[in-house]
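Letters A, B, C and D name the chains as they come in the text, with residue numbers starting at 1 for each one.
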Amino acid sequence: MSPWEDFGREGGLFRRLRADAAADWQAYTWHEFCRRLSDGSLPLVAFQDFLIQDYLFLIQFARAKALAVFKAESLEAMREKTASISAILAETTMHLTYCAEWGIPEAKVRATPESAETVSYTRYVIDRGLAGDILDLEVALAPCTVGYGEVALRILADPARKLQGNPYQSWIEAYGSDSYQKLAREAAARIDALGESHGGHARFPMLTATFGEAARLEQRFWQQGLDAAAS
Amino acid sequence: MSPWEDFGREGGLFRRLRADAAADWQAYTWHEFCRRLSDGSLPLVAFQDFLIQDYLFLIQFARAKALAVFKAESLEAMREKTASISAILAETTMHLTYCAEWGIPEAKVRATPESAETVSYTRYVIDRGLAGDILDLEVALAPCTVGYGEVALRILADPARKLQGNPYQSWIEAYGSDSYQKLAREAAARIDALGESHGGHARFPMLTATFGEAARLEQRFWQQGLDAAAS
Amino acid sequence: MSPWEDFGREGGLFRRLRADAAADWQAYTWHEFCRRLSDGSLPLVAFQDFLIQDYLFLIQFARAKALAVFKAESLEAMREKTASISAILAETTMHLTYCAEWGIPEAKVRATPESAETVSYTRYVIDRGLAGDILDLEVALAPCTVGYGEVALRILADPARKLQGNPYQSWIEAYGSDSYQKLAREAAARIDALGESHGGHARFPMLTATFGEAARLEQRFWQQGLDAAAS
Amino acid sequence: MSPWEDFGREGGLFRRLRADAAADWQAYTWHEFCRRLSDGSLPLVAFQDFLIQDYLFLIQFARAKALAVFKAESLEAMREKTASISAILAETTMHLTYCAEWGIPEAKVRATPESAETVSYTRYVIDRGLAGDILDLEVALAPCTVGYGEVALRILADPARKLQGNPYQSWIEAYGSDSYQKLAREAAARIDALGESHGGHARFPMLTATFGEAARLEQRFWQQGLDAAAS
């Protein structure tokens, strides 16, 4: 078993969702953008475009987590999700510093409008969260949180990975780190747990549609960076 | 089996919810207000107060159904629920006529603010609908739709029912009618069907909490009429 | 003044929004897709792709209108918006017939997933509607309703329009019809009225951001058809 | 000018709302419950009932703040409101300790269902927040935050206040403290600022209806404690 097949537990909802969306999941987590992060060939402008949209993404991601607080069913869950919002909002500030290191002035990041790709995934998540319950919301969010964990593990195991002088090393390390991997594992475990408590298997047709659409929208998110470099 | 135990199907989610909330359900569907509708002893002022709040209730009920359209998972479900909104909005107009027949001028109905009891049940339903999915919403709505059907059947079978000159005969007939009973049966059947497709049995602890709270808030809705008469 | 500059009233919120988003509005309402509908040169596959996504769009549009019912502030507004949902749901059925006339089997329409472009505009509208009030929602919806009215008027006045044997004549007639133009005028008038009652001028910075983003997302919606034909 | 007339600024939206709802505001902020906190005559059981429901209230209040994060229009506002959620969730823990000091075991607090009064105000706030925008939500919340500040100031200035051996001294001090008064002043200032940026004066009819209803529902919240003692 590859290390990235280890998220979630055997027989749990997360693995079932991942398996059912196999083609879309593969196309997302091993997208050309990811492979070129790995071999270091990704054009700088593609990465810069991605970083700016990722900043705009984080703001919407924090809003989705706020919705999760609203929908949480225990004080403990409310506390955990509130801590997530705080962490994401702190990350937006760090992200501006990171963008600056990549030559993108803060003013430019702030002035860029959200792309259709950023809007589509983030608002899809928010809509699933409002139309459905906490499980629908978490299933729409999981491709992001768990998926980035898988992307990092795939890069770390990639024979074509550029080890010396890979310009994207800091990004790879951030998502390959123990702390991020822990977050990703927890997100998959949350899906498994909600799958049990919220009838995930009975609801599988709807949930797999959500998960698959989210994976497709994440592919588009990577693709926009490549398109920016090509244009 | 009493006729009012016939809503929903054996082993279905509706009957399980009703059984689990037995004491609250009984206190709601055979509230003193209902018994006095049946024996004709309900003070006029209690009924008038109820009618006004019921008008305000209908408006919020239509909003809850709009939320159900937003959350519906098929075009067919969207159509059915849109037809429900139209029917409820038409009912508000008829309700004004009915109020006028009971000596309540339209201007008074429109000028009365919602009571805490009206606010509590209606907004509880809306909140459950926003926090949860379509099943949570329907479970919060069911005590109203199915419950009024049960109230009417209990009155129709009540040995103490005043048959001659019962001032509330028109109300009893409206909810005892085939057309209303069909609505109530359909609502219970919807809960059963959603129970299957949306993991209702796995989610029972949360759903029974919702159903029970809704039944308690409905008791308070009846009680406000009696309180109005007592004050 | 061109006929399409006649939506909304002088000094009203709609015209102010349209003027402030002039470049994006022009790029949307006179997109290459529209110009090629006019001169008849649009590839069939582009139009077919558009028709399928337009069907999926309508379903989400009905959901956005359901949200408008939930947010409406009078029974009259609730009735109008409920009638809109019914009309849109009826249109989905007619749309399937129209697709069939264009050689797209119903099964194909139903089996096609929403594109990122369809998701982005529709969920953006829904999110603005949930984050904001009825004015925010209507401002996010207006580029669709009023914009299609403007597109049709621009085509009708286009010197390059192909009059004889234009394959897209039925589409042009549908949106150029008195009945559709009336809908578009009413939508602009609603924005003007809500602008007065809901502080539209004080809220202009936020509203113009919404309107502009919606116009950009509509451009992308047209573009996806051209991209489908190019690929 | 009494010190409690000092919330908000002259000509600002908060003072206008307070003035327009004068009778309901007075009935809420100087309710018999408050007067008896002041003179120390409030029955212990009334205060205990209040404390339990106040705990349940806090949980819903945190959910309403989560909705405010979702609706916030800047990162700064998102951060402030997220800090509010954290503070409220921390308060729930302290509240359990406070309840224990008043002889209410934690298990009893946790096992008590929300009363209709608690449901009505909290869900009304949440519904206004979802139906409207951030201003509608803040206007629905203000009677709580600012109102408790006013209650404390009224008690502190009350000639009938029992100074020696008042059993409710700790409650009076908590809400009369500089830190709470600062919170209350900030909430009023937020209403004033949103009133400017979000067209509050144009929207006054709707906003005053929300503020007045919230004040009436807060009266009911106090009253439930007295009713509990009377029964």
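In the analysis below, a residue touches a chain if its C-beta (ideal position, glycine included) is under 8 Å from a C-beta of that chain, and two chains touch if they have at least 3 such contacts.
As the structure is a prediction and not an experimental result, all values here were calculated from the model.
At the chain A-chain B interface, residue numbers used by both copies make up over half of all numbers present, so the two copies contact each other through mostly the same positions. Set against the Cα centre of chain B, the chain with the most distant centre is A. We define each chain's centre as the mean of its Cα atoms; on that basis chain A and chain C are separated by 31 Å.
If each chain is reduced to the centroid of its CA atoms, chain A and chain B end up 43 Å from each other.
With centres taken as mean Cα positions, chain D sits 39 Å from chain A.
Multi-chain contact residues of chain C, defined as those touching 2 or more other chains: 63, 70, 130-131.
Taken as a graph of touching chains, this assembly is fully connected, with contact between every pair of chains. Interface residues of chain D, counted against chain A in their complex, comprise 59, 62-63, 66-67, 69-70, 75, 78-79, 82, 85-86, 89, 92. Considering their complex, residues 63, 113-114, 116-117, 119-120, 123-124, 126-127, 130-131, 213, 216-217, 220 of chain D touch chain B.
Residues of chain A that touch chain B in their complex: 70-71, 73, 130-133, 136, 196-203, 206.
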